[in-house]
Every structure is written in C-alpha cells, then in structure tokens.
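In order of appearance the chains are A, B, C and D, and numbering begins at 1 in each one.
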Amino acid sequence: MSYQSHYFQEVRKAQQRAYVPYSHFKVGAYLKTKDGRHFYGANVENAAYPATICAERSSLVAAISEGYRPGDFESITVTVDAEHPSSPCGTCRQVLKELCDDDMPVYMTNHKGEMIKSTVAELLPHGFSGKDLE
Amino acid sequence: MSYQSHYFQEVRKAQQRAYVPYSHFKVGAYLKTKDGRHFYGANVENAAYPATICAERSSLVAAISEGYRPGDFESITVTVDAEHPSSPCGTCRQVLKELCDDDMPVYMTNHKGEMIKSTVAELLPHGFSGKDLE
Amino acid sequence: MSYQSHYFQEVRKAQQRAYVPYSHFKVGAYLKTKDGRHFYGANVENAAYPATICAERSSLVAAISEGYRPGDFESITVTVDAEHPSSPCGTCRQVLKELCDDDMPVYMTNHKGEMIKSTVAELLPHGFSGKDLE
Amino acid sequence: MSYQSHYFQEVRKAQQRAYVPYSHFKVGAYLKTKDGRHFYGANVENAAYPATICAERSSLVAAISEGYRPGDFESITVTVDAEHPSSPCGTCRQVLKELCDDDMPVYMTNHKGEMIKSTVAELLPHGFSGKDLE
C-alpha cells in the first residue's frame, strides 16, 4: 500500500510533540504496521546531546514495546520544517535496517507538503546487519 | 504514591517484548504517569550495538510521542533476569534526569521479585542538565 | 591519492586493539589525514550496548582531539573478520558525513584481503547534515 | 597520584579542539595513564545530535585505539566554561565504569579554575556492568 494523504496530517501531529529545547528543530514520525495500526514518534532531546533520541526511533521502539516484531511494519513517514524534506540520520537508518523490510517505503516530507519516497535499503547501501556478525 | 505489587506483573510483561538477538538479555520497563496512565518499554537491540535502545528510554520516548511532557511521570520500574536487580545504564540515567523529577522513584527488580528503590537524582549525582549549558 | 597496500597492514594492526568482550567482533579503522598523518581506531564495547563506540568513530574523534578539523581527512580504511568486507554502521556514516568530504574514499576490507571502495556520500544518500538544521 | 596543577593547563588545551557548531559548548578531557602517558579529548558534535561524542569518551577511545586496556588509566580531568564545574554525562559515566577502576579520580573543572573531585564509582552508584550480563 502506498502513501496516503492522511499520513501527512498524522505525522504533523506527531511532530508537535517533539521535545526540542536545544535545537528547536521538531521532527515527527508516523509508523504504520502491516496489520493496520500506527505509532507516533517525536524527537526527544537531551542536554547531553548524545542521549537524544530521534522521532523515527521513538516510533519504532514504542511499537516493539507494544509487542510488534521486526518485519511487522508497512511504512514510515517523517516530517520536518525545512527547505527540503529531511531524511533520517544514520543511526535511524541503522535501526530501520534492523527492524524493517529492505523495501519498506520511507516517506520524507516537510511543512510545505513536499514528499520524497525512498526505501530502507536505498538509505543504507551496503547496510551492516546481523548477518555480518555471524 | 509508592510501589504497587502489580507494577511487577506489568514490568515482567513488558520484558517479554524485548528484541535481544545479540545479548539475549531481556529488560523491561514500566513507566507510570502522574495522571494514571502507563507506558511499557523493552530493550531493542541492533547488530550495530551503539544503535541499541534500552527499555527505560523506550518507555519514555513512547510517552513523549503520545504527548506527555517532562515532569509528567510518577515512577519507573525496571526488571531483568539476573542475580541482582539491575540498574539503568548511564545513558538511561541521563534521559531520566532530563525528563523526570529528581525525586521520582526508580524501582529496580529481578525475576526473583527482589526490589531496590532509588531516585533519579541518586542515580546521577552531580547530574549534567540543561542548566549547565546556559 | 588512492588505496595503498600498507593501509591493509595498518588497519589490521588497529583491529587487534579492539575491546570486544561482548560481541567478540573486532573492527579496526585507519584514518589518513591530508597532511600525511594517520590515526588508528578500534571498537570499544560496553556492557550497556548503546555506550559502545565503533572503530571508525574512535579514529575520527582521536584526530579531532589532536587538533584536526572537518575536511582534513583523505581516506578511511575499515576491516573485519567476516565473509564479506563489512561496512560502517549508520551512526558512523553520519559522523563521516559531518567530518569528511563527500567524495572521501571509504575502503572496506576483511581478513581475506578483499576490498570494496565506496565514498562518504554513497554510503549516506540524501544525507542529513547541518544544512538541514538552518 | 593526585591532581597536578598542569592537568588544568592541559585540559584547557584539549578543550580548544572541540568541534561544537551546534551547542557552542566546548568540553575538554585529559586522560592520564598509569604508565605516565596522556590522551586529549574534545567533544565532537553532529547535526544529528545523537551521533555526538563527548570529550571524555574521545580521550578514552583514543587510548584504547593506541593499545591501552581497561584498568590502565590513572585519572581523568574534564573542563567546561560554566558557572559550576560540569560533570560527565550519563553515557560517559557508563564508559568510565567499563574502562576504569572504580576508585579512579574524576577531576571536574571550569574556566575559573574551580575543581571538584569525584570517582568513577561515586558518579555511577549501583553501576551497570558486565557482571550484570552474566
């Protein structure tokens, strides 16, 4: 199933929940599961910057903590207020790689309603995974 | 409000949702909000170890992503299967410091039902916070 | 300047310094600066997996701490003991993006002496950077 | 061996190497080894905040990458420009716990030359370690 117009409204709602006292850069994520549920994600910053958690990962760990398993996800939509639709950081790509199908769509949007579609595998070419540890 | 016996049942439920293909060390978290709701947290590992997110932080970012704000939390209970009740890692303590009251109880438990009570401030003495950045 | 045969010997030396009591998966990095110096990097694990730091980042922060600045780097070589030359994790790609030229070579090798060449930009398409925060 | 006056000069030198385009908050670290060598550390920020690495950890992974092992360290001195001597973040405390003796001194200083002494164990009470994983 492809991008739905209401994904944009939903991800903008998630974005408002961002806790960003340091960067003032709000990011939202909207994760759809294959069985039709969804999880919101917002970035949660920290005075110690490395302890910050991004919106994409917030939504993914919320889902796992509710019982979803790797492979249960259908798409993720991300949004920012920026000139160009912003993409997941490297750490989030690594977590998407671990928990989502390689061909799962990643929809990147911004406040102007622009949208770029990519996939988990495209965003992490030569991706490092559990197979590399064997 | 202090530790309730059903917190233990709840946190053990969260623990079962851990995704731990690398360490096989399941951790669960059970976060109570001051207005009576709760959020589960499970640790979510990654082939690239640094991209792992702990149970405590999973529950906290799930709550923020649902609209809760720093200071809205009443207690967190953590559980592991280990000889001694295991405590939050340093990164989780830093996130607790950012999002929770200093005197918020942190209940550390294990599979034997042992429990140690601490607080956010006790776990991060001389804690680094947003005030240090000013 | 392109890949030199002695890079492989050097990166294998760095790899031996890995501190990996949890994964037993040793990774080495060898970072060349444009002015002809080099920095070794080894992965440094932690019982709390998220506090682990990878070999690539170890070499980069060592260089910055010695006074090197973003853009001062010529290439990085990485090595693992694995069937296929393993690639940097997402977090390391994000750090490479911040500190290195987009076309800087990333040489991925393994114990069999196999080598795959990529670049910083190829490994993080649509890369998130400081420009996105403006 | 206790705090030496030249540690302060050295750690202020390390601090100048910080790469902090986002917070403009420079942190320096100066790590002494038991065999008389030292390593500098500076914080290295990233547009994606979670990919930031702190000064304390920069110095520690530089040392490990040069062949030092856990337990080889004598003291660490940290410095900031702030009203009060600032302390290591939770993630750094976790890394100190993994790589340093529990009673290793941690000297926290600021630009005014104020100094507070603590230890690795004091900064991470009930510290999580490899023993908890067994």
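Just so it is clear, a residue touches a chain if its C-beta (ideal position, glycine included) is under 8 Å from a C-beta of that chain, and two chains touch if they have at least 3 such contacts.
This one's a predicted model, so the numbers in the text were calculated from it and none came from an experiment.
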{"item": "Result of counting contacting C-beta pairs for B-D and A-D, higher pair", "value": "B-D"}
{"item": "Counterpart interface for C-D, drawn from B-C, A-B or A-C and sharing over half of its contact pairs", "value": "A-B"}
{"item": "Between subunit A and subunit D, centroid-to-centroid distance (C-alpha), Å", "value": "32"}
{"item": "Inter-centroid spacing, subunit D versus subunit B (mean Cα positions, whole Å)", "value": "25"}
{"item": "Set of subunit C residues in contact with two or more other chains", "value": "22-23, 45-48, 50-51, 53, 89-91, 94-95, 128, 132-133"}
{"item": "Category of the chain touch graph - line, ring, star, complete, other", "value": "complete"}
{"item": "Residue ranges of subunit D in contact with subunit A within the complex", "value": "22-23, 45, 47-54, 89-91"}
{"item": "Subunit B - residues contacting subunit A, complex", "value": "14, 17, 19, 21-22, 39-42, 44-48, 50-51, 53, 55, 57-62, 64-67, 69-70, 91, 94-95, 98-99, 128-133"}
{"item": "Interfacial residue positions of subunit B with respect to subunit D in the complex", "value": "23, 25, 80, 82-84, 86-95, 97, 108, 116, 118, 122-128, 132-134"}
